[in-house]
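Below: one structure, written as structure tokens.
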Amino acid sequence: MPLSRKQIAWRAAQDLGDGVYVNLGIGLPTLVADVLPENREIVLQSENGVLGVGPAPGDNEIDLDLVNAGKQPVTLLKGGSYVHHTDSFLMIRGQHLDLALLGAFEVAENGDLANWTTDDPKFPPGVGGAMDLAAGAKEVRVLVEHTTRDGTPRLRKKCGYPLTAMQVVKRIYTDLAVIDVTDDGFVVREMVDDIDFDALQAKTEAKLTKAPDLKPLKAPAL
Amino acid sequence: MIDKRVRSLAEAVDGIKDGAVILAAGFGGAGSPEALYNALLEQGATDLTIVNNNAGTGRTGLAGLMDAGRVRKIICSYPRSSGSVVFEELYRANKLELELVPQGILSERMRCAAAGLGGFWSPTGVGTRLADGKEEREIDGRRYVLEKPLNGDVALLKADRGDRWGNLTYNKSARNFNPTMAQAAALSVVQVRQFVELGDIDPEHIVTPGIFIDRMVEVPA
Amino acid sequence: MIDKRVRSLAEAVDGIKDGAVILAAGFGGAGSPEALYNALLEQGATDLTIVNNNAGTGRTGLAGLMDAGRVRKIICSYPRSSGSVVFEELYRANKLELELVPQGILSERMRCAAAGLGGFWSPTGVGTRLADGKEEREIDGRRYVLEKPLNGDVALLKADRGDRWGNLTYNKSARNFNPTMAQAAALSVVQVRQFVELGDIDPEHIVTPGIFIDRMVEVPA
Amino acid sequence: MPLSRKQIAWRAAQDLGDGVYVNLGIGLPTLVADVLPENREIVLQSENGVLGVGPAPGDNEIDLDLVNAGKQPVTLLKGGSYVHHTDSFLMIRGQHLDLALLGAFEVAENGDLANWTTDDPKFPPGVGGAMDLAAGAKEVRVLVEHTTRDGTPRLRKKCGYPLTAMQVVKRIYTDLAVIDVTDDGFVVREMVDDIDFDALQAKTEAKLTKAPDLKPLKAPAL
């Protein structure tokens, strides 16, 4: 069975080592905060100047001066700190974050990322911190559903939507697979049980390669 | 004697001219000087350029200025958000110019102006539509685009505590754009939650030194 | 668990390689990590490039490294000061390369590296000998020279208090180059006067967040 | 009688208005700190990150972590603050200081300043913050003895020593005169009583113009 959005987040979270500094993009990546592995200190950065974002506050603890990039109330972990925007983006652009976990509309087999606009004529585009994060973190990984609702592949030969950054994505977590972006294109590391490789390929525009040690992609019920 | 405190919101925004570039602090509601935005509406300046991360929500504050036709141009990273109805109306009616800037570059361009620099080479946005028309160069094997300083005529700011020299502290993530905008404007005006005596803020804890502040008005939370 | 504390000065400087670029904090004695400089002498790395505002005084600390022939090059703003005897000897004997950088540009170039930028246009030094060989351009009627990022392999730092995440505070003007150097090096090592428990430093008062720090050693004053 | 060094500093200090932010260069300008006008709040900035430098400490108050640009122990005024070097030079370079009072080897009639090296072959040069201050303050004024000890003019048609910055000096305080640097060159605003204009000109390489309201230069015994 395909992973739920929360399970995709869970799978991405498993790869976060103790002590890593991570920025979670808006949308699917935000769910990672709720499924962090226990017994590891993982420092979440929020682009608006919060380092060490903690869990959502209880109703009595809400402080509207303490929000995340999505403007939702958060808390601060012991050991966390506040910086101003310019310093926050110094962290982001200067490769001080070990990892940015981002959402995407499309990822190309060369690692190109498109996640900021679909050129919807009804709405002006917004970019936020997406381009800074994509260009600046030590490593970029993407959490995304393998296809759109109507089945169009999101893992492409080339991105159709406007790019956020070129050749930055190193790993993709989808509801069907964990895929690395290598010099030889997409390499499937893990795959859910109830789909075969050809079926996965059929849902992917770019060519997939099977990793020699291909593993099942499993997640607990969440 | 240095005393940057003024007694009213009207005095705080006095003299802001038509056509001014306003560095408008805040990230959502956090650190957003709503009282100053509303006072600026009262004051009447028009043809403004607003620099903010977003483009206002609801019909007060920045959105109120826009709704009253006072804003010619918005420079921001993310105009559309839940409640950005005024922006969307004006944008569709072609009554508002929009300059979209990646969030970190928005902040860095203001810092660049504040630091007296002529521009910087940035890796953000290289190869994307937002780099269109920007000079590009390769430095040590990596591609960069040239970004220009962005300075304001006025900064409108919100802080937590402030003394008569203009020394400021902030509350949590309400810090956001405030310290950099304070440095990047010719006239920096701040609404503070609480005036305190000179010396009450430990010099080690001052986030914005008074040199960057021109006027302060107390607006209790 | 994040714990950047190490138990000895030897551990703090372990693995620093020959040929390393060392960002050496301090302005005179203030904020100068003398214990780390002396530990680096013990450790033995050589062929070093030292970035500091000055070029050492006396025969210990940075001057000790220079005196022992470990330093190939100094990048600084003001090499000669009262007591800079080792520097002067080596310089006259042509045994030390000197790159002279205006003080603010020294700091700004490190910040540039820390911020992931490719360079910046600076008004400092335009039309002077220190702009020789630098690319120049006029921007909006003012002349600027291109300055390049300056990053370090290692930063050696001194702070006042530090917790196990590496969050730091400084004492008065001992802050100087420390926060920027912490951001600009691949490996940032700090001697702190006092280790404190996580949470003991108010998050509003942290000057250097732990993300910029790799190793900390306690060296009581 | 020519002014003493302390009197030159005193004269420069008289022009500091209430509430100005000023950087004092090393050497003669440093003396200004001791002769500030009373009843004005004047905020002295030190390039090493001290804003609001106070008087020298008593013997029991010395803190070696609180020093000025010359590395002498100082104190901090109530209302003062500390910043790191990069922020300190943001203040300096970004025209946030109303004034830099600097020493000089030479000043040219177009405002060129030479104050960092005399190319002494015995010593390598140092520049410190001189170029940042000269290029970055809103206004630069110079405190300098009118001639060298052997009588060579320091106010020149063109600087002979290497430049610190081009066309930045607006006013010069010497032991003999107060001189503005204008589009028409040096204009003498004040002159000590016991020298006549021709004698002052003889001690100056560039042409001097007499201000219409030329006044006597006087300072109290200090």
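For reference, chains read A, B, C and D in written order, and residue numbers begin at 1 within each chain.
Basically, a contact is a pair of C-beta atoms (placed from the backbone, for glycine too) under 8 Å apart; a residue touches a chain by one contact, two chains touch by 3 or more.
Everything quoted here is computed from the prediction, not taken from an experiment.
Novice: Treat touching chains as neighbours and tell me the shortest step distance from chain A to chain C.
Specialist: When the steps are counted carefully, the minimum from chain A to chain C is 1.
Novice: Roughly how many whole angstrom separate the Cα centroids of chain A and chain D?
Specialist: 56
Novice: What's the distance between the Cα centroids of chain C and chain D, rounded to whole Å?
Specialist: Centre-to-centre distance between chain C and chain D: 29 Å.
Novice: Between chain B and chain C, what's the gap in Å when you average each chain's C-alpha atoms?
Specialist: Inter-chain centre distance comes to 33 Å.
Novice: At which residue positions does chain A touch at least two other chains?
Specialist: 76, 82-83, 89, 93, 135-136
Novice: Give the residues of chain B that touch two or more other chains, as numbers and ranges in rising order.
Specialist: 108, 111, 115-117, 122-123, 170, 172, 203-204, 207
Novice: So what shape is it, when you link every pair of chains that touch: line, ring, star, complete or other?
Specialist: Chain contacts: none of line, ring, star or complete; other.
Novice: Mind giving me all the chain pairs that touch?
Specialist: So, checking each combination of chains, I get A-B, A-C, B-C, B-D, C-D as the touching pairs.
Novice: Tell me, which parts of chain D touch chain C in their complex?
Specialist: 46-50, 63-67, 71, 76, 82-86, 88-89, 92-93, 123-132, 135-136, 162-166
Novice: Under the definition above, what is the set of chain C residues touching chain A in their complex?
Specialist: Within the complex, chain C contacts chain A at residues 1-2, 111, 113-117, 163-165, 167, 183, 198-199, 203-204, 206, 209-212.
Novice: How about chain D: which of its residues touch chain B in the complex?
Specialist: Touch list, chain D to chain B: 18-19, 21, 41, 43, 45, 51-52, 76, 78-83, 89-91, 93-97, 135-136.
Novice: In their shared complex, at which residues does chain C touch chain B?
Specialist: 108, 112, 115-123, 137, 139-140, 142, 144, 148, 169-170, 172, 203-205, 207
Novice: Where on chain B does chain A make contact in their complex?
Specialist: The touching residues are 27-31, 77-81, 88, 91, 98, 100-105, 107-108, 110-111, 122-130, 170-180, 207.
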